[in-house]
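Each of the next two complexes has chain A plus one other chain: chain B in the first, chain C in the second.
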Partner chain A sequence: MVRQDDERTLLQIRDLHTHFATADGLVKAVDGVSFSIRNGATLGVVGESGCGKSVTALSVMRLIERPGRIVGGTITFGGKNLIDIPDDEMREIRGNQISMIFQEPMTSLNPVYTCGNQIAEAVSIHGGMSGGEARKRAIEMLSQVGIPDPARRAEEYPHQLSGGMRQRVMIAMALSTNPELLIADEPTTALDVTIQAQILELMKALRERNRMSIMLITHDLGVIAEMADDVVVMYAGKVVEQSDVNTVYEHPHHPYTRGLLASIPRLGEKRNRLEVIKGVVPNPLNLPAGCLFQRRCPSAMPICNVAPPFQEVAPGHLSRCWLTPAGDPPSVGEAPSEQVALDAAAALSAE
Partner chain B sequence: MARSEGLPVPGAPLARPATEIDEVDLVPVRTYWQLVRRRFLQHRMAAIALVLMVVLIVSSIAFPLIGGDAWFKTSLTHGPKDPSSLTAPLGYDNLGINIFFRLMRGLQTSLTIGFFAVLIIAGLGTTIGSIAGYVGGWVDNVLMRVVDIVLSLPTFFLVLMFVAFMGSGNVFVIIFAIGLTGWTTAARLVRAEFLRLRESDFVQAAKALGASDRRIVIRHMIPSALAPVVVASTLGIADSVVTEAALSFLGFGLRPPEASLGNMLTNAQDYFYRQPLWIWYPGITLILLVLAASFLGDGLRDALDPRQRIEA
Partner chain C sequence: MATYIVRRLIQAIPIVIGISVISFLIVHLTPGSPIDKFRTPRVSPETINNLIRLYGLDESIPVQFGKWFSKFWTFPFDNTAWGYSFTDGLPVRDKIFARIPSTLWLTGVSLLVTVIVAIPIGVLQAVRQYSWSDKIITTFSTIGYAMPTFWLGLMLKQTFSVQLNLFPLFGQNSFGKTGDLLDLLWHLTLPVTTLAVIQVAGWSRYMRASMLEVLRQDYIRTARSKGLADSRVIFKHALRNAMIPIVTLLGLTVPALLSGAAITETVFSWPGLGFLGVQAVTERDYPVVLATVMIGGVMVILGNLLADVAYAVVDPRITY
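The block that comes next holds the complex of A and B.
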């Protein structure tokens, strides 16, 4: 069910559960997520708002704040389970081996320090460099992320830079310590389209150069197509489909993924209305039994009242759906009976 | 003839020299503090208040140095009937003490008390407020209930009691009394700022960089939370000076021969009919000091708010 361990795996998440105890009840924001990130590869995590993408990322960084809590699972990185290690050790990994950039470049920089100062801080937290060295490194990083006249820009305050420039500064900050994994939480959502393309190009170039892995969180399938090697599609706190990027685009299996892909407008295609996925994401406080997508699913079947297994539909291609690998409803004879399905579900939850 | 002006002269360069274009590209870089200074100076009353404050501070330091022991030295040869002179611009009081130098000494005492009391207020308020705001939970609850309790007590009587028990007439006791009762507003302001900053993206980003709690609080949160404290502190100087004056007026402050604006007022009330000016000297000085501190605080509040735009 989970991709096999091998030495090329940088980060492995197994059965991660992150729950939020709100006043209205328990929200299972991340409910049994498993995936891994290969060395030097980019993993795209797609899904609509509130499906648990960001919470998964913050769980990896262990930056989940009250009332949230990681209640189960393992996150293996560098031979260690990040969920168990002490806070000090985690702090050493944060920003050093795993860096993160956020969605809002406008507010993610501290307004009271110059850009150079902030990058230098990132370096000095982990590098133990002197002030002068850290400053030099900051200017070097600014030129690496393609900021013209870096020495002067280093003296400027965040409010003096445009959004794209600020995101470049954020990237410079995140990469100043040469991390092995960069978590980018919607890095281009707040930018306009031309700047988005520039930032994506920059991230690609820096990925090759630093040989790092990227966990790219987005709801923009275009960005995924551009950047990712592997894709994880999330829905309501669960991974519903997982494969390499070509398979997901060309042979999507899960109806949700198909719906997402169908809702992208295409150039040159005449359509009166865009396809949409009907309905809304289920209330996380009151999730339906069985398949979480069934109420919005065009191919919903009676069997969908039982939680579908996360099964391999092709080598390396996993999907959480009852449909046969060919995408047909399971035929009456071959289909696992209700009892078989219940057994499968029981086995799954026992794991 | 006019038409030919627009046409290029043969042989002349068509484009403007490159240096001019380069200059257009250079947007002047202004730091936060340069912006603050500009905004502050645009606030006219604040600028006047700043000048007045500087004059008051400088004279409270310089004149006591020049006058030496003149501020408490009695004299049998001088008295209230002496005309004002260059060495005694405000004349002599009933004991033959040079009123001007006594006034300056009193101003010095008041400013010292105001300054150090506010230092305690700001220090205590920032510490307690930042702990409450950053840690949150029950710690926040306990600290804020303490603030509520202190706020619900009549501050002036608390100060009065403290001074009466700990020894009146002692500058340090007065400073502590004012400081220990006045920190609540600063604590609330800092806590509120911290609650806002804790959720801010740049604090989250700093955490993601692996910054420790201490570093986040000291380097990333306190500088942003300080503006309201600076404003409250400046206004607090005015409050502290008035409190000290009130204490002295009631006889719990500094006693002669120590000089403060408050005890000069007390002394002057005995001579209200014969020497009405004696009450005006410390009174006006006190008013000027309080006004200067208030307008300074107002100006700082406007200047430190980065959302305020400058009309160029």
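The block that comes next holds the complex of A and C.
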């Protein structure tokens, strides 16, 4: 896996399993996810709806609601395993060292309290500030996120603001405690394109100013290209490809990543139709054996009935696919037989 | 806000007229007449005719209505504005005003008890949804909700008054103790319990549903993500939102405060408006029936207005 014992690692997730015991059966929303976030870097987490990216984020915050439960793995942050620490210790980290902003700015703010009140609350809980100081800090944060006339806006209720403004308030709230890590779960999905660009610019500027790391969850590869240093691609609860952003864009290895990249239009390229990835995400209650992507995969081979290992295809570039590092099907001679593959997979998972 | 209230009050005028016409017609359409009880062989037809003229029942319905309606609204200045009771000849206004404090004690205290008990129960149930406590409370509220008031009242009387002799059987005060607050509260216990058991059952269900609805909102997740303690998330962020529909419901309950709890008042012989209304209906005491119905109708209108105003007070998104 990635060099994880790097001192510059801020957050490290190892073999995280978050399952939901629904009435219809067990949903393994996150099934053995590992990745780390470097200090000051932005990690993009990409994938279709339902691939487990939001659940991963909520697991880091320990905000998984019943019937969901973190059943295994470690989340290391500041030398502590966030999964094991007591609730009150987690509350001190949550909203203080790790903050989160959500997809829906329209519904993520409490309608009956003013924006200033809601920002000041985070500050006074964690910073031990008095009401007046917290209030001043709230106004200062509102001006930092580019809200004009912040003192007046602080007295307004969320419904008096536009969607973009509300997302700015959310960002102000999340950053009011100077967190080391900001988790942004689809922060621009619900916004107009022009507002999206403004919010992304704002996040970039604040990232530089506060020297924080960002875990940016999105299904929009354009946003990733704009913001991320490293990329994790998730599919059906597992990480399928992981590398720095340039490698992922220039040399995607996993057919799923290639499919995602082929499905977005690019400037300067003449194409009549955009590619689509055929089929749908497998039913999480009834996952296929072997590679989870094989039914939709243009390169599917017999070997895909065995779950491929998550292995390096280039230094720092991991992919969960049987294709050779060059992207060719393994030739008959060197292709592992199913038994060899099973052994290899077993050996890798035992590690 | 003030213009809104004035507009609503003006809009209420045709509604009140409608209520008056319909209740007047219904009262006069009910079979039987206030005179019937005098029709015995010992009362001469002449006397009967005199009574009919005395009560004004010889005139046509529209004329009767006109006389009654035009005089009705002078009640703040004239204690005969609502006419005289057919049963005892007393001015109806005085009879009704004398009953208001009793009814307010009963309905007010039981509403207060209901709210104080039901809101925490509903919150607890929502926070611990599907837990054992939730299931047990749900079972009891279903039983409570399904229980007929008269039966519960009778059972309470049977147990606590007759067998255990802890509480009085009926009435509002013991002899010679009128105005004694402790004595009043002692008399209130059983009727208030009767009303509260049934109301708590309903209100705690509303509160539970409202709280559950709020708890799955995005802003609750935001509050948690700020690192707030559960108690603060529930009591600051969730409760205030969950109370919005409850406050509205409270406004709509106001008419019930004054129209009284007819069944409970009858079971406990509580001298309130509900008891008075029931007696008046059985006696065909037209003026009393009409006055109680009118009070009920006007209170419904005011209660609705109050609910709308309260809505704007608790929810900053609503302005008029």
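For the reader, a short list of remarks on this structure follows.
The criterion applied here is as follows: the second predicted complex is superposed on the first by the 343 of 351 C-alpha atoms of A that agree within 3 Å, B and C clash if a C-alpha of one lies under 4 Å from a C-alpha of the other, contacts with A are read in each partner's own complex, and residues count from 1 in each chain.
Here is the rule we use: a residue touches a chain if its C-beta (ideal position, glycine included) is under 8 Å from a C-beta of that chain, and two chains touch if they have at least 3 such contacts.
Values in this document were obtained by computation on a predicted structure and should not be read as measured data.
Superposition of the two structures on chain A shows chain C clashing with chain B.
By the touch criterion stated above, A:Ile303 is placed in contact with neither chain B nor chain C. When both complexes are overlaid on chain A, the residue A:Ala122 reaches chain B and chain C alike. Of the two partner chains, both chain B and chain C are touched by A:Leu109.
In the superposed pair of complexes, A:Glu155 makes contact with chain B only, with no contact to chain C.
Of the two partner chains placed around the shared chain by superposition, chain B and chain C are both touched by A:Ser99.
With both structures placed on the common chain, the touch criterion links A:Met173 to chain B and to chain C. Residues 61, 63, 91-96, 99-100, 102, 104, 107-112, 121-122, 125-126, 157, 159, 170, 173 of chain A lie in contact with chain B in one complex and with chain C in the other. Across the interface of their complex, chain A is touched by residues 217-219, 221-229, 237, 240-241, 244, 314-317 of chain C. Residue ranges of chain A in contact with chain C, taken from their complex: 61, 63, 88, 91-96, 99-100, 102, 104, 107-113, 121-122, 125-126, 157, 159, 170, 173. Those residues of chain A that touch chain B in the shared complex are 61, 63, 66, 91-96, 99-100, 102, 104, 107-112, 121-122, 125-126, 152, 155-157, 159-160, 170, 173-174. Interface residues of chain B, counted against chain A in their complex, comprise 27, 29, 31-32, 137, 200-202, 204-212, 215, 219-220, 223-224, 306.
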